[in-house]
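Chain nomenclature is as follows: A, B and C, assigned in order of appearance, with residue numbering initiated at 1 for each chain independently.
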Amino acid sequence: MRETCVQVNSLVKRYGEFVAVDHFSLNVGKGEILGLLGPNGSGKTTTINCILALLSYDRGSITIFGENMTPERYDIKRRIGVVPQNVAVMDSLTVEENIDFFCGLYVKNRSSRRACVRDALAFTGLTDYRKQKPKKLSGGLLRRLNIACGIAHKPELIFFDEPTVAVDPQSRNAILEGIRKMNQNGSTIVYTSHYMEEVEELCTRIVIMDHGKGVAEGTAASLKAGLRNRETIRIHMPVRQEEVLRAIREVNHVYHVQAEDEDIVIRCDGGEHNLVHILNVLEEKKAVFGRVTTELPTLNDVFLEITGKELRE
Amino acid sequence: MPVFKAVLKSVKAYWMTFLIYSLVFVSFAPMQAESLAERNKKVFQEEKLAVTVIDQDDSLLSRSLADELGKTQQVTRIRGYVSENEIRRLKDDVNFGIRDYVLILPDGLGQAAEEGHTDIRPRFMQGGTSAAGQLMTTRIDQYLNHLAVYLQSGYKMEDALKDTAEDLTLADESRVVLERQEVRLTRASILFCFNGYSLSMMLCIFVGCLALKFRQKDLASRIRVSGLSFWKRNGGFFGAITAIGILTAFLVIAVVLLDAILHGQHDVPGLPLYILNTLALMCVGLGLGYLISSIAQNDGAVNLLANMVVLSMCFICGVFVDIRFLSPAVVKAAHFMPLYWYNTGVETIAEHSADGTVGEAFIMQLVIQLAFSAVFFAGGLMISKMRERYNG
Amino acid sequence: MMFFHVFCYQLKNFSRKKYIIGWNLLFPLVLATAFYIGFGHMVTEDPNSFQTITAGYAEVQPVSGTPEEGTGSGNAEIFLKVLGQLQTEGGQNLIGLTRYDSEKEAREALLDGQIEGYYLNEGGELSLHIREEGVNSTILSQILKQYRSACTMEKRIAENHPSRLLQTIAGLSVNREYLEEYTPGRQISPYLQFFFALLAMSSMYASWIATTMMESMCANLSECGKRFESSGAGKFPSILAGALAGTIFQTVSNAITVLYIEYVLRISFQAPFPEIMMIMGLGSAVGIGFGILFGTLFQREALRVAIPLAFSMVSSFLSGLMMGQMKQLVENAVPVLNRINPAAVFTDSLYVLASYGKNRQYWLDVLSMAGMVIVTLSISAVILRRRQYASI
């Protein structure tokens, strides 16, 4: 059983009549990478802001490292790092100065701070850009600077709020790799995103939010295991014969067959070698078909099954 | 039309700027007009000064002197002791021209005058070595000299005061002929003068910020690749800023008219000419704003440049400080600034509003302002083209 | 240590922001130069200083054979003698007289602007002809009245006390100066008030420095603010560190402006530099204090730009930036406004220091400014302390 790093109990946050966070509970264990997944407007950022004591909330409780979190708990804040959704750096300072400034809000000792800044520059690959101002950096480098400013002081707990938005794939991979390293070095990570692929790839545990509520929680595998659909096979078949479709429906573990444009989509609720069985049926019936793909279920499928809509709607 | 509408809608974002400068105009311009405006006069009237008499003596002499001054000046009397703070305040009033003169009649003055010694003397405070102060000192010395002659000739104080007053009253019947009818700046003309600041500032900032916004690379490209022709795009923009200029100009004119109505005037002499002059100033404001937008990189820079240019011009071209007080070299240099010609236009109208003839001089002033406007627009276009070429 | 850390970085932040350098350093220098060009000479030389009045004299000869024949010249000589004797307290001639051969010549000279008026002697009857009203015309008119009243007095005494006539004539020929000038403190030019108001405006612009600082420190104002507020830095000590950095930055800017005005433009503030700098420091702190309060109260970006602008402009205008007399007018009409307007308190402290030295009023002004700093920071502290946002 992991030690609890962050405990949120029945958090409620309203903006007037609108309930942004609706009795949301969260438990972040020490050393894990917790993914907070949900569509835009699901309450992820509001939850993070409440945890950081930036926002007041209407009901519930929040503890970090076993202590109640309030705006004046600077001792707790010094152990936390934040990488906000939007780039939060000072335009008039250089890359190195930005990291030094924000690191200096946590680390008082000058020589320690210098070492931290050096490490952060190397970690984020910004050493060559240290004398440049943020205006001169590309989107990806800016995001790296944003991260560097949040982690330079080597915090125990780090909140990443959608850090890869509008970032090129190379920078994105570098960011994800960096986060893994930080976790390996002992930091607990809370990672929010609406990109399921990232969360699936990176996080040890996932909480899915929608309309301010937690709708599912678990590892990626356990969440998908809860789905009926274990495999989706898609076959390009412009000319469909009813007889063929009937035969496919009779294959073991096939529970749903649907025509979508020129494809037929077959969902299977378990079993192995489903594709082989279906191809055998097609050969038997001498069906004419084209491209065949098979997909394992994703978190989007989990979300779709729980909420009835796509993650990216 | 789409560009025209977009520009008009975008100007709403600057409502706060409009509010601030309108408030400045509505608050400060009438104050300036109140203190500077003079009415037209057809017969000679002596300069009436604001004089404060501090009568610490309260004798027949001090009261008579104050009464005598009261016949021709705007006298405020203070009887008895006055604190140091009050004296300093009066001195500051004189220094800043709020009062013209302060006369202090010390205790025992009347007694000393009757006994014929001058160890107790009236004291005065005036602003610098001013001509107004000189006038008052001369007048009071004249009175006291006159009185002294009577007293030395054996008159009693009461009779001397009475005869002195009568002599001066008779002397008031002196014939003074005003050879030229002087038409001074009216309230309306001072309000229009203040426009040199407020209207120019508002238009510079509106047009500067709007032009900058619509020149933003991506936005400009999007508009350029649309189906609108060159003329429609640019015509829309310039049409919109002209509409904004005209609306702002007429709002300001409306304020002047309202001020006139509130002060019991049913019309403003020379109003059509003032409107023409204001529209010429509007063109200058639009052009200057466009030029500034080609140099500035953001709204803050537009504000800064507008303030620097317009405010500096206002001080050099006679908007805040009477041009009569500026040195000849400065007045010459001011000829190269549009606000000078606007200001001169206002004075021309004020001078000729009675007879309605303004002549070529006024037309020249209008044309020069329009020429400045054209130069500013051309300059703005050139600079923005050059920047596009170098910056991409 | 963290205090010093935030202090250094905020100082770097301010000194690298172009619009802060523009508004807080460059703009005052530009405006000071404009003031100097416009009316710098009026600070060093008093424009109201007395200049000898140019006047003319002409005679219209009476028709031969009439009773007036021969009387005009006698009267003329006495009158001309009186004119020649008139001098100011400083020994300057009051009148610069030109004698013309005919009325026509005198009138041409008057309309040409060569003289301000001319006396016309029509067979002993004196009249004054002037081109425009004003103080000088009034002085000329006064001289005529003085002459006439003296003539009346002679007649009266000749009738009633003929034995004292000689005494009277002797008395009339002596023009004693009864009044003495009283000048509490030092006389400084009223045009210096413009420069004081300029420094006040510059100090109030420090409110922009403060709102910039608050933006980077408050979660509801920027992303940087969010990062800052979630950090381990104490909010209020950090804000104080930033405030100190801002105050020093603004004070240095003001110092540069003061040095520029005093040593480049050669306009003296009539007070020792260290004392001026103390007021600059306090004034800057007042601007910073108000800026922090605005940053605390207003979340919308438009308001955070407009409110400091409006505050700086209105308070500076009321302290005499556009109209030198404004502060004194307000002092007479609504004195409480001058006590709460930080720009007015600032300019008053400089004026009092220059005019009267460090008297009670000066220390009251200093204490007022200190009080404003404490009040604004206290209100901000109360609001910011433990503040959690309802929304960011």
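Criterion: a residue touches a chain if its C-beta (ideal position, glycine included) is under 8 Å from a C-beta of that chain, and two chains touch if they have at least 3 such contacts.
These figures come from a predicted structure and were not determined experimentally.
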Report summary line: Neighbour overlap between chain A and chain C returns none
Query - Relative to chain B, chain with the most remote C-alpha centre - result: A
Query raised in the report: Taking each chain's centre as its mean C-alpha position, how far apart are chain A and chain B in Å?
Result: 66
Report task. Take the average of all CA coordinates in chain B, do the same for chain C, and state the distance between these two points in whole angstrom. Result -> 15
Report task. Sort out for me which residues of chain A touch chain C in the complex. Result -> 15, 49, 52-56, 70-72, 74-75, 77-78, 80, 82, 84, 86-90, 92-93, 97, 101-102, 104-106, 108, 149-150
Report summary line: The residues of chain C that touch chain B in their complex are 18-19, 22-23, 26-27, 30-31, 33-35, 37-39, 41-42, 46-51, 88-90, 94, 107, 110-111, 125-139, 141-142, 144-146, 148-150, 152-153, 156-157, 161, 164, 167-168, 171-172, 174-185, 187-190, 193, 302-303, 305-306, 309-310, 313-314, 317, 322-329, 331-332, 351, 355-356, 361
Query raised in the report: Where on chain C does chain A make contact in their complex?
Result: 1-2, 5-6, 9, 12-13, 16-17, 216, 219, 222-224, 226-235, 238, 386-392
Query raised in the report: Can you list the chain B residues touching chain C in their complex?
Result: 13, 16-17, 20, 23-24, 28, 31-32, 35, 41, 44-47, 84-85, 87-89, 91-93, 95-98, 103-104, 118, 121-132, 134-135, 137-142, 144-146, 148-150, 152-154, 163, 166-168, 170-172, 174-180, 182, 197, 298, 300-301, 303-304, 307-308, 311-313, 315-316, 320-321, 325-327, 330, 333
